[in-house]
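There are two complexes below, and they share chain A, which is joined by chain B in the first and by chain C in the second.
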Partner chain A sequence: MSALSTDTHFATPHSPAELREKKDRRRAISLLTPGLLWMFFFMVLPMAMVIYVSFWTQTTFSVNSTLTTASWKHFLSSATYLSAIWTTLRIWLIVLISTVVVGYPVALFIGLFVRNKTLQTALLVACVIPFWTSFLIRVIAWRPMLGTEGAINVILMKLGIISEPLTFLLFSEFSVLVGMTQIYCVFMVGPITFMLGRIDISVIEAARDLGASFGTIFRRIILPLSLPGVIVGAIFVSVMVLGEFATAASLSGRKVNLLGNIIVSQVGSLKWAFAAVAGVVLTIIITAVIALALRLVDLRKEM
Partner chain B sequence: MESRILRPTLALYTACFLLFLYGPMIVLAILSFQSIDGGPQFPIRDWSIYWYEHLLGLAETSRVSQLPVGESLIRSIVLAFMTTVVSTVLGVMSAEAFRTKFKGSGPAFYLIILGMMVPGVLVGLGMALLSNTLDLGRAWWGTSFVLHVVYTYPFAFLVMLAIFNRFDRTVEEASLSLGVSPAQTFRRVTFPIIFPGVLSAMLFSFTLSYDEFARTLFTAGRDLTLPLAIYGTFSVEIYPNLFAFGVLTTLFSFTLLVIYGLLMKRFTSKASRYKGQEDA
Partner chain C sequence: MLTLSRVSRRYGETVALSGVDFVVPENTYMSLLGASGSGKTTLLRLIAGFEEPDQGEISIDGDRIDGQPSHLRDIGFVFQNFALFPHLTVAENVAFGLRYRAHAPLTKEAEIKDRTEDMMALVGLSGFGHRAVSAISGGQRQRVALARTLVCEPRIVLLDEPLGALDANLRARMCDELKAIRERLGVSFLHVTGSETEALTMGDKVAVLADGRIMQSDAPDMLFNQPGNAEAARHLNAWNIFEAGLCRGDVSSGTIAVRFDQMDVSAEGAAPQGRPALGAKYLTGEFNGPTALSFFRADDGTLLQVIDHLSQPRLPDLVEGQRYDIHFAPQALRQFHGAA
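Coming up: the complex of A and B.
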């Protein structure tokens, strides 16, 4: 009883400032509640459901809620599923590296070498504009580009470089990698350009005046300062590539099966529990990748 | 010295990069003018707008069935509009909340950001499972809609957060302490400052939702949205009418972008005019 009264005594605010702070906090929480509830019911709950259903019993055409690890055993002992994990990781790593390699020099040029603000903005906008066209259309646009009668083969044959059309270009792992690199590169260029644009030019000039070569300046100043951008870009690219299935479905000719493709085909044949297992595996992979990246950079501080 | 070689090299590389970005769309646009007997590849037999007529239902039906764009287009636009309204409102409210420091703001921030991080195929699967279990029907205006908001709300939130970070709070406080009502203060002080952000948040939400596909795939039920209708044609042979559609939908998105640009320009010039009056 007495403990309770001391408690309320301490909780009662004394000064107007404290009162106001409390009011502000209450206001903040009430403003935030609808959004957080939305996220809980329509994101957290569905994700929990995926985990839950992965332990359900799968029969030929339906699932029932008897808990079992049969789906997991089935998944982990199937060569198709295990190779899908491996394919997903391999494609992710290759696309991640290729977006950095392809995108970094572009970011370097726009962020550091273009001094004119208008030109800088214009170049960035030029990079972002393709993002404004439909994702599926951008994927399908690679078919007339890479096909045996596609633009690249036609041009190469006209130039006399090849006499037979190259067939490995389309419906192969190659076309998936090229397509994904083109589609996701922008998400690498953006954050890196942003970080490079924040570098104080006088620091680089000072280094140059002191006789440092461009190689040294790049290694000692530019690269370290742009690294948060690379990591933020890597998070974007990783999350999108790991959850991919449309590019592989339309450009690989069913030769590339990512975990996303497994989920889609299992849902198509009403194997909900198997789809859920693939979903949980994918979640684990993505969580591990993001956790690793967030150890390297504080996302909230960089924004 | 080195920069003299490096700069042109990087400029050339950037040009090649832009070609890489735009090349496929350019080829697609060229091939959309293929003649009636031509396929979705080179050579162009004859230039024509046949496939545009085919897409719009103006051509007599031929061996190729028409793309089911009509109704799905309307559904996609309505869905994008609903998503835009809800996610912008939620984004503004949450960003406003983050202007006060409170306990648990870190986890709340990451919970919201998670919405744009979680792959669409995963939440889509989860939502489908949830609606199956609860015996709720799946529909584009229900299950798909809530997932679209989960995706676009974090974007709206981040845009608004960036705006509020640059927003001097004392201006608002001055207005309030001078006896202006909170409603008036919002209309005359807060809103003009945050308007460019609201417009950007709306643009983001609309285009992301209009184009969203992975989150819709398992949750739309029987009626298709536009991206689903397009995806349906992937598994069968493609024809240049798909390319014609690609060109038209790109033009539609650019129209939105131009409208956004004009609104933004009109607004900023108005704002600077006010500023000029203050100076005078």
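Coming up: the complex of A and C.
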């Protein structure tokens, strides 16, 4: 009798725990599937296609699928394209720094000095208000602000600070930097505010009690604890700025050529292979920047 | 010596402290007993300088400290939730004050290391210096918080319910250790707690804070045996406080108190001659191991508790819902003057 029951026990294919585990696994997979399918068909596949097209043969008005490295050679030996890479990197770095410089104090105020959650949320929403209008309007609105007869020049002349309008304000690298900083600053403010808001106020009081001045507390406690927020913000800003073309197109007066602008103009003149090369180069740069950012701070620890 | 005189603090309409007069002598373990919401934490925060009093003066050894920035007050504060620096190791936490304080920071790494290690040895943290504060237990975090404060040699150490976050076993051990550490350092501790046993065990002196005022500040046995007013007695959780009018026999008027362990119970009408007695209904009993607690309801609704020690039982068998006579020796009674 006992032998029989042992046998039936062994014959049972799955214990309840195994069945449950199987069910959990199935649920996890079904949650993942839509995202994976989307990523495969609309990211991995197109990405592979872009790399493939970058090795196609480009003639003046058409492109054919004979493989060649000519587009790559042309791209990497052309001063125009190389300087576009350099300009992209320079503008990215300056915008990154200026969004931190402008955004950190704002985040510090909202995240640390405003301790009322409702007010905190209200202020963060206020930061997003410019996004209620379209991207283009936000960019073009800088023209009446920065132009030779724009608001800033008029006010400075009325005040007698300058006698001739400042021409570097608009259609220059300066206006591109100003425009981008304004647009992307909020993506820096958000993550930093979030990290600062998570700092336990008693930790700061403890540091004060141990004799540290506000400057020391900022350097030794607040800044290190908010660094993951800065990194996440930097990743947001970097990804968006590196792929930018619209701000440069409408505020630089064609003086600033970013990789994004090159892609737009190449696609416009049907040079698909060149555009693909620029796209691959841009992707490599963005991947490198994100990898570098993730090396700086261990985000896994902060999640 | 820390002195508070007429210290008041209001939050909008709520009065947290109203005219606190309080002294913590040199080299003393002072317990401050108060219910939650009695203003205990506010009192500590005023002393540490995280907040300022609306009125009154706080001084240490004669120099006034209210109005001074908290980082220059030279007062240690041990937080209830420990408030360790999450991104620093145990040793870095302990060394923080020595290294980064605005007034006379240590610059020689060797000296910082020596003092940090000595202090970690004192609180039983040797060998844990390199650990992350997230990788140690609750009791060890408590020690880090303590070591971090003590290594700076503050003029007084304020402990805000320091044992609240620990489990019962650990709490008993930390009690002994806190006392021992304090005695070795010779600095005054002001330990705030809501537990009367903790306050009585730890304190060389115990103060009771209620209604925003210090009700009594005395040696623990003195406070326990002779509470000066009904409020103080109520906080000790060992006294029945009731109206004298409930008692038969020759009892004075007003509010009186009798300790749980000094009340006896007999069948209704069988109370011995010469002992004040009152009738009450038995509600229920509570068995606590070495002691048993019996609850009675007096005629005016007052809840009375009688404690019985298992080794020397003196209560009869009680039936729930039945009336009994509760009586006590006339000298066991404490009378309070003024309002309860």
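Keep this in mind: the second predicted complex is superposed on the first by the 281 of 303 C-alpha atoms of A that agree within 3 Å, B and C clash if a C-alpha of one lies under 4 Å from a C-alpha of the other, contacts with A are read in each partner's own complex, and residues count from 1 in each chain.
Note that a contact is a pair of C-beta atoms (placed from the backbone, for glycine too) under 8 Å apart; a residue touches a chain by one contact, two chains touch by 3 or more.
All of these numbers come straight from a predicted model, not from anything done at the bench.
Once chain A from each complex is brought into register, does chain C clash with chain B or fit beside it?
Pair status: fit.
Quick one: chain B or chain C, who's touching more of chain A?
If we count touched residues of chain A for both partners, the winner is B.
Considering only the touch criterion stated at the top, classify A:200 as touching first (chain B), second (chain C), both, or neither.
second
Can A:213 be said to touch chain B (first), chain C (second), both, or neither?
So A:213 meets both chain B and chain C here.
By the touch definition at the top of the document, which applies to A:264: first (chain B), second (chain C), both, or neither?
A:264: touches chain B, not chain C.
A:221 contacts which: chain B (first), chain C (second), both, neither?
Second partner only.
May I ask for the angle at the C-alpha centre of chain A between those of chain B and chain C, rounded to a multiple of 10 degrees?
Taking chain A as the apex, chain B and chain C sit 90 degrees apart.
Give one of first, second, both or neither to describe whether A:25 is in contact with chain B, with chain C, with both, or with none.
first
Would you check which partner chain A:53 touches, where first means chain B only, second means chain C only, and both and neither mean what they say?
Only chain B is touched by A:53; chain C is not.
Considering only touches as defined above, state whether A:145 meets chain B (first), chain C (second), both or neither.
Once the two structures are laid over each other on A, A:145 reaches chain B alone.
I want to verify one number: the closest Cα approach of chain B to chain C after the superposition, in Å.
Distance of closest C-alpha approach: 6 Å.
Which positions of chain A sit in both the chain B and the chain C interface?
Overlap of chain B and chain C footprints on chain A: residues 213.
Spell out the residues on chain C that touch chain A in their complex, using ranges where they run on.
My answer: residues 48, 50, 70-72, 74-77, 79, 81, 83-87, 96-97, 100-103, 105, 148-149, 152.
Across the complex, what residues on chain B touch chain A?
2-3, 6-7, 10-11, 13-14, 17-18, 20-25, 27-28, 31, 39-43, 90-91, 93-94, 96-100, 102, 106, 108-109, 111-115, 117-123, 125-130, 132-133, 146-147, 149-150, 153, 157-158, 161-162, 207, 211, 213-214, 217-218, 227, 230-231, 234, 238, 242-243, 245-246, 249-250, 253-254, 257
Mind listing the chain A positions that touch chain C in their complex?
Interface residues on chain A, with respect to chain C: 200, 202-203, 205-213, 216, 220-221, 224-225.
Which bits of chain A are touching chain B when the two form their complex?
24-25, 27-29, 31-32, 34-36, 38-50, 53, 102, 105-106, 108-110, 113, 123, 126-127, 130, 132-138, 140-145, 147, 149-151, 154, 182, 185-186, 213-214, 235, 239-240, 242-243, 245-246, 249-250, 260, 263-264, 267, 272, 275-276, 279, 282-283, 286, 290, 299-300, 303
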